[in-house]
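The structure follows.
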Amino acid sequence: MSYTTIVKVRFGDIDHAGIAYYPNLYHYLHIAFEEFFEEFAGTPYPEVLDKEKVGFPTVKVETQFLKPIRYGDTLAVTLTVPRVGRSSVEILFTAVRRSDGACCIESRQTVVAVDMTSFLPIPIPSRFRDLFSRCTSPA
Amino acid sequence: MSYTTIVKVRFGDIDHAGIAYYPNLYHYLHIAFEEFFEEFAGTPYPEVLDKEKVGFPTVKVETQFLKPIRYGDTLAVTLTVPRVGRSSVEILFTAVRRSDGACCIESRQTVVAVDMTSFLPIPIPSRFRDLFSRCTSPA
Amino acid sequence: MSYTTIVKVRFGDIDHAGIAYYPNLYHYLHIAFEEFFEEFAGTPYPEVLDKEKVGFPTVKVETQFLKPIRYGDTLAVTLTVPRVGRSSVEILFTAVRRSDGACCIESRQTVVAVDMTSFLPIPIPSRFRDLFSRCTSPA
Amino acid sequence: MSYTTIVKVRFGDIDHAGIAYYPNLYHYLHIAFEEFFEEFAGTPYPEVLDKEKVGFPTVKVETQFLKPIRYGDTLAVTLTVPRVGRSSVEILFTAVRRSDGACCIESRQTVVAVDMTSFLPIPIPSRFRDLFSRCTSPA
């Protein structure tokens, strides 16, 4: 299973080379991460952070930017979870351009569950562990 | 008197029209506001917010974008203070392109002193009142 | 008549004061402007720029930020057109928070039609003039 | 040899978790890349792109975010070049917090030289090859 959301490239996301500025591409991936909580987990990420006092900062990133992305492109960003550890979760994001089906981004990230008060790692709360585990795709 | 700082247009600040995306221009003005606290007031803005628990959110903005700004441009952003009220301060930002001296942005903004705990308006602390008053240019 | 689109505040849009960084609020208004072309005008803004070679840079802005906007807020951004000139259009954006109906932003902006090759002002092409005119609300 | 530049964390770079939003950290690395051209190579990146018609888009990224970065932090971003290929260059960025010397970011990136007209890979022009080669640190 996996979670997919749609992200549109915006006018201001473009850089002087005429393609989407790569830091903004990470913003797109984070939008998918936020939507995952809201739509898939049923708890908007603001509530996860502010009420449940759990955050998931990114500590490791491995990305291939396979194609330049341009204004007018719309991306289907898919999130799967190759591995759920004790405190850390490995998340694989792929971004596919809807117009031609080209895979433009593959990004494997490690996020760590932290207590939002102390910012120290904690075991992933079981509810989130279950949620992430449901996105463990065979790929 | 006034305060001036230098801001460089960055590769990623450009939009699909090939000029600096106007929301990013407001980021430049805010950088000048931050530098004003650090360099002119001698207290970095993080300390103003976190130790003195005072913030200055922007509530009103009147801007003229007089010239398109491009990658490669460097701007001298000048801050003057036309008016200091009880809780609010009017700040005039101008951004002049260094290569040709063209005034590219004029932005008159009202910021309000707030208590960072309650986010409610407070009288401007006297130290900051004095600082702002020293930037009241005749213009 | 008017055009309304929905914009969600994102995790990364927040500033050190815990509210949406005001330059990012202008990004939200621009998203509404882009969606207006795609949904209301039926021509995505990338095509307006790249095929019709017409752009609408912002030259004047008057904004009231009426309420702080926070992570978790969703905004209904409405665009109306108080005035259509020869080359310039006045656009009024309002952003209403969906949870409580509070109007958080009012921004009156002037955009100018330019030829994307020369970046010089041109008379607003009649098709766009008609479109803007259909959004002239009585307010 | 290596190239180092200083980047200040800005008020608006912070996210809802109170730390610098990680996509903005990539913006800091790109600022260092731009400054490398201007200061170390003696040709500002806008000229490299617009006059020499050469760009260096990022195609691969491997990053460790070792410490959360906060408002008030200033980073020394160092760029070294572990490998210069025919069209591609491997660049290692490290960001060290100046207040305590903590290494906060390590990011190994591959950029590819492209012709800015065709956006196709080209052999790295010899002048840039020499420049990159001068930053090949022993690490």
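Every chain is named by a letter (A, B, C and D) in the order it is written, and numbering of its residues begins at 1.
Basically, a residue touches a chain if its C-beta (ideal position, glycine included) is under 8 Å from a C-beta of that chain, and two chains touch if they have at least 3 such contacts.
As the structure is a computational prediction, the values presented were derived from the model and not from experiment.
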**Request:** Would you mind telling me which chain pair, A-B or A-D, is linked by more contacting C-beta pairs?
**Result:** A-D
**Request:** Going by residue numbers, if over half of the contact pairs line up, that's a repeat, so tell me which of B-C, C-D or B-D repeats A-C.
**Result:** B-D
**Asked** How big is the gap, in whole Å, between where the Cα atoms of chain B centre and where those of chain D centre?
**Response** 28
**Request:** Could you tell me the distance, in whole angstrom, between the mean C-alpha positions of chain A and chain B?
**Result:** 34
**Fill in**
Distance in whole angstrom between the CA centres of chain A and chain D is 23
**Complete:** Where chain A touches two or more other chains simultaneously, the residues are 11-12, 16-17, 21, 23-24, 27, 30, 46, 49, 71
**Partner chain C, residues of chain D touching it in the complex** = 11-12, 14-18, 21, 23-24, 71
**Asked** If you look only at chain B, which of its residues touch chain D in the complex?
**Response** 10-12, 27, 30-31, 34, 44-47, 49-50, 70-72
**Fill in**
In the complex, the residues of chain C that touch chain B are 16-17, 19, 21-24, 26-27, 30, 46, 49, 55, 57-66, 68, 116, 119
